[in-house]
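Attaching a single structure in structure tokens format; questions to follow.
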Amino acid sequence: MKYIATIEDQTFEFEINGEDDIIADGDHVAIDFRSIAGQSVYSMLVNGRSYEALVQVEDDNLQVLLRGRLYIVTVEDERQIRLRGASSSQTIQQGDFHLTSPMPGLIVSIPVKEDQEVSEGDRLIVLESMKMQNELKSPRAGIVRNIRVSIGENVDQDQVMLTIS
Amino acid sequence: MFNKVLIANRGEIAVRIIRACRELGLGTVAVFSDADREALHVRYADEAYYIGSSHARDSYLRGDKLIAIAKQSGAGAVHPGYGFLAERDDFAHMVQDAGLVFIGPRPSAIAAMGDKATARAMVTKAGVPVVPGTEGEGSLSDEEIADIAPKIGFPLLIKATAGGGGRGMREVKSQAELPDLLRAARQEAESAFGDGNVYLEKLLTKARHIEFQILADDHGNIIHLGERECSLQRRHQKLLEESPSPFLDDELRKEMGQVAIKASAAVDYLNAGTIEFLVDEDQKFYFLEMNTRLQVEHPVTEMVTGIDIVKEQIRISRGRKLRTKQKDVRLQGWAIECRINAEDPYNDFLPSTGKITQSLLPTGPGVRVDTGVYAGFEISPYYDSLISKLICWGETRGEAILRMRRALEEYRILGVKTNIPFHQNILASTRFIAGRYDTRFVEERFSMDQAEAGKKNLAAIAALMATIVAHREGQRASQIVRKSERDTSNWKWMGRWERVNRS
Amino acid sequence: MFNKVLIANRGEIAVRIIRACRELGLGTVAVFSDADREALHVRYADEAYYIGSSHARDSYLRGDKLIAIAKQSGAGAVHPGYGFLAERDDFAHMVQDAGLVFIGPRPSAIAAMGDKATARAMVTKAGVPVVPGTEGEGSLSDEEIADIAPKIGFPLLIKATAGGGGRGMREVKSQAELPDLLRAARQEAESAFGDGNVYLEKLLTKARHIEFQILADDHGNIIHLGERECSLQRRHQKLLEESPSPFLDDELRKEMGQVAIKASAAVDYLNAGTIEFLVDEDQKFYFLEMNTRLQVEHPVTEMVTGIDIVKEQIRISRGRKLRTKQKDVRLQGWAIECRINAEDPYNDFLPSTGKITQSLLPTGPGVRVDTGVYAGFEISPYYDSLISKLICWGETRGEAILRMRRALEEYRILGVKTNIPFHQNILASTRFIAGRYDTRFVEERFSMDQAEAGKKNLAAIAALMATIVAHREGQRASQIVRKSERDTSNWKWMGRWERVNRS
Amino acid sequence: MKYIATIEDQTFEFEINGEDDIIADGDHVAIDFRSIAGQSVYSMLVNGRSYEALVQVEDDNLQVLLRGRLYIVTVEDERQIRLRGASSSQTIQQGDFHLTSPMPGLIVSIPVKEDQEVSEGDRLIVLESMKMQNELKSPRAGIVRNIRVSIGENVDQDQVMLTIS
């Protein structure tokens, strides 16, 4: 199986035909890769270098925390690359974004109104949790729709609070 | 004389106090809320009592319940830790009225230092310099404040009279901003402390936050254990502390220490406390406030002085004389503390909750970890995000920094996100290493992205690891790759990809 | 000058050395056998190479492979740790011949001190007292030994000339026992060291095993870092060490320290080493042997002196002068180390293997843990049973003991049995607390049963907990009991059953 | 369900009808009992006292390690007590005892011969493992039968080495 991994503007090509047959950038590499204690910590030996990283699978990428640095990696396989080639490459920002509560907490303020236009990074909601006020920001530009919470309300984790369309 | 102590707290500080009691042969009584039945302080204590729901107001803030449990269990003393009821003079009074020992200062000193305006007035009278601002009166009207503000000069800070922890605090850059920010500050102070009173303080730029640890016994002895440098803050929350401060020399240390003792004596201080100062570029220093309790960052002082501050607190409360004289206090080597919080440094430091699935502590020479969590424990949203304190000691500041770096690299906590990468970036920054930082450093001069851009680029490795994990996810198989004994790797691939982009 | 170090070892000491290298900014190269792919030293090192099967003779004892890997990886130095190849002068030679730095003494010093008979002769010549026994010659026949034995007097010890770790050692109480025990000792020595030579040493009763830590640089400076008390042993294996020794005063410390330096100088010593003495009831002391390597128990010295011995070893190997002068070495406070072994103290200390399912380390002020294991790691039968070293520091010996007790109480390792209860019993014994113990204490005066008989009897609690677990097993259900908020318990039940049987 | 727990010469009677209904020695006790992190470490609160113990279920007893002291507890329920009452109380020492290797190791010596009589505590086999020589002793008196290993042999964990009948 061929893969393309992308980190910011760098791309890497890998071919994995079983874990003892990995081709990186055209060359075979021998690696020893394993999860430690069944957790999402992975130890990899490659050419004697010992790397240990926390690799977490997110919705549309993988987060790799390696030697004190975070890498956001997008991995696509052959099939996905073909599919992407066929459609427009800018489909991601379409559709609604639902802002969910990352943790249980108390709504302290809602600096936006319905139908208001927001830019990427604008504050949408201030949520108090763990004795801190946390600002939840918009991941992209759009219009605020359907605010479902009010100031002073307690919200549960993953509760949808508003929508950006 | 008491032989059993009720610990009116939770988390790492409750564990810390239990340890001190146990090492002194005293019995320990823990209390717990619904969220904390399996917390470490409950596991380690001799006795543990349920106290109420996970909301602090129903449990850890219920002075009446705490005192009832102390009486019922036969505890003779109450240690409040920090936070919760630690700086509430009414609680200290209640404890004493119940015939129990409050392990802390006299209620009058808590009250005097708790009202920040009163505290400023009292220490000023004792000849201690304070940060310029509104003096004396605590109940200023909006009009009075608008009047005084330009005389102090901008930028300035609005601070809650009953304040602490950055609540009810606002920075004001100009007269125009004042009315809105004043309203917001009063509102926050009202909701946080039930008291909307505020005062003004000049905002010192390029200032350092340096505090002195005080110990005072009931026999008229007051000493200080040197300073802690606490300038590395974000949103007025301390993140990293060290002792000594790279900014002080022996002469200034001595002078500030004497002033700290004088300020403590002004309120007839007893037990452990901390005098916070701001020190400006020209090494001029100003009293900021006194924390009338054990401080989160007390371990750095313990590491350089060899004195166990919590044990001293208990000894003092048992009426003992201080064992150490000022002339015998020596700061040996250097200690740094990193506060490890359950929060995501890559996502605006948003708190993170969940079950800790693995915890591998850094250990070895010169490393200390104070924590209340373990693998299997659930980090709840009800309390603060501090999950552990990592403290490293070295013969020199340089050695302490290098040791802290290796300890951070070793530390593995899975299940919640932590600010460990933030600390790694701070400890790699040239300004921190050179000791050139002030209270604005983190917010104004530091960014995770910039910090990481300067590091070794292991993008190819990260990409490969991510791809194998994605492949496994796809295959839903998890066979383990065994490295063949004969190494078939191609070395040039590594050479090409493991680039070093040191800035 | 080297910038990368190959660590020719495994387990906690490999991790310890990696930490020192990292704190000095040096690259680290680990090696691993089949059993150790997921060991902590492999996880923490910058590089890691497979070296052979789980049997040490195919892996950690393969000097040729180690040197090949050092060369291939660009390591400029080899740290042998303790055990395995640490005291093999031929290996040290091989390392040097390959153009690498051996982090340890010169091969000639290893050889001189490695042959115990030669060592005794050399230090005697330098005026150092040795335990009475067969002097000089190492190749004694059975007849010669039978002849000399009664002149030394019984009881005496047969010891392997190439010995170490109690192998090839036998106690002889009378001439009649001699032939059989001599045969057994030679056989064990032959199989352990490939050398059946033995010598005799008078068995000092009521003696203490006290050793001095030596540091020597390449510029003619030799200092000692005070002593370690290592009398608590079982089957000649050290179990608990402390520094300083409760048996020495300043004068004797000074005298023995000078003798230790003299003995080291006699073999032109370089790097870290340890002179072991026996000290009899009358404080007369005798040279026992020199360990020409880092010692397992080095951390207690680090805790009281503040000197990082492993970093010093590396600095010395890089040609640096010692940073500390003898007059600046001060023993501050008291440190105790407990060796935590995977063995069952309730079943004749039988080793225990298996996967560690949980590891909760004791932490907090004055506590250090050196370990190479973690939750999820498998303890294999191939290597020794040491899984961690718990070291506690206190301002006084009493404080160190109390701290160690609370640390042992906190420590949880699940999946293998450990000797933690043994240490708890030792630390509760009045003889240990009073400092009245010798090398025979554990075997002759101590029993787990007796020790535990004196403790608080919680049999009713243990019975209840066991019964509930048995009930759950029977029910094959595991619902969690929630404590009802209103306490319906009957206090008299507790009073009746929680008996204190203090002796 | 009624239980009798025995520790050496002490016996304790418990009745457990669900974990919120426990009768100890005739009195109801309210306990909060739970496993920590799903391991064999248990935390028990009873009348405010906090106890934590390692409880391991062995073949015929439970080992409770509590505050630095080991308690060997035999627990029998009503049914077992009845059964035991009906039969002889000294049936345990009957039948063969098979000495198995507690860990992988090397047979260093076998101080007994087949058909030899041994007493409780006599050394049967010396096994080298983890760099230590470990003496395996007879748990009771009997006669050595069927020695299946020889000196110098490597044995696996749980391998039967000899039998005492």
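Remarks
Lettered A, B, C and D in written order, each chain numbered from 1.
To be clear about the criterion, a residue touches a chain if its C-beta (ideal position, glycine included) is under 8 Å from a C-beta of that chain, and two chains touch if they have at least 3 such contacts.
This one's a predicted model, so the numbers in the text were calculated from it and none came from an experiment.
Contact tally for C-D versus A-C: the pair with more C-beta pairs in contact is C-D. Centre-to-centre separation of subunit C and subunit D, using mean CA positions: 31 Å. Separation between the centroids of subunit B and subunit C, computed from CA atoms only, is 38 Å. Remark: subunit B and subunit D have CA centroids separated by 48 Å (rounded to whole angstrom). In subunit B, the residues that touch at least two other chains are 358, 374-376, 409, 483. For subunit D, the set of residues that touch two or more other chains comprises 32, 34, 37, 39, 45, 48-49. Inter-chain contacts occur between A-B, A-C, B-C, B-D, C-D.
Remark: subunit C residues 29-30, 37-38, 42-43, 45-49, 72-73, 374-377 touch subunit A in the complex. On the side of subunit A, the complex with subunit B involves touching residues 1, 3, 5-8, 10, 12, 14, 16, 19-20, 22, 24-25, 27-35, 37, 39-42, 44-49, 51, 53-55, 57, 62, 64-71, 73, 75, 77, 102-105, 129-132, 134-137, 157. Those residues of subunit B that touch subunit C in the complex are listed here as 15-16, 19, 22-25, 44, 50, 299, 302, 306-308, 310, 332-333, 358, 360-361, 363-371, 374-376, 395, 399, 402-403, 405-406, 409-410, 483, 485.
Chain contact summary for the complex, subunit A toward subunit C: residues 32, 34, 36-39, 43, 45, 48-50, 52. Within the complex formed with subunit A, the subunit B residues making contact are 165, 235, 237, 342-343, 346, 348-353, 357-358, 381-385, 408-409, 412, 414, 420-421, 424-425, 428, 452, 455-456, 458-471, 473-474, 478-484, 487-494, 496-498.
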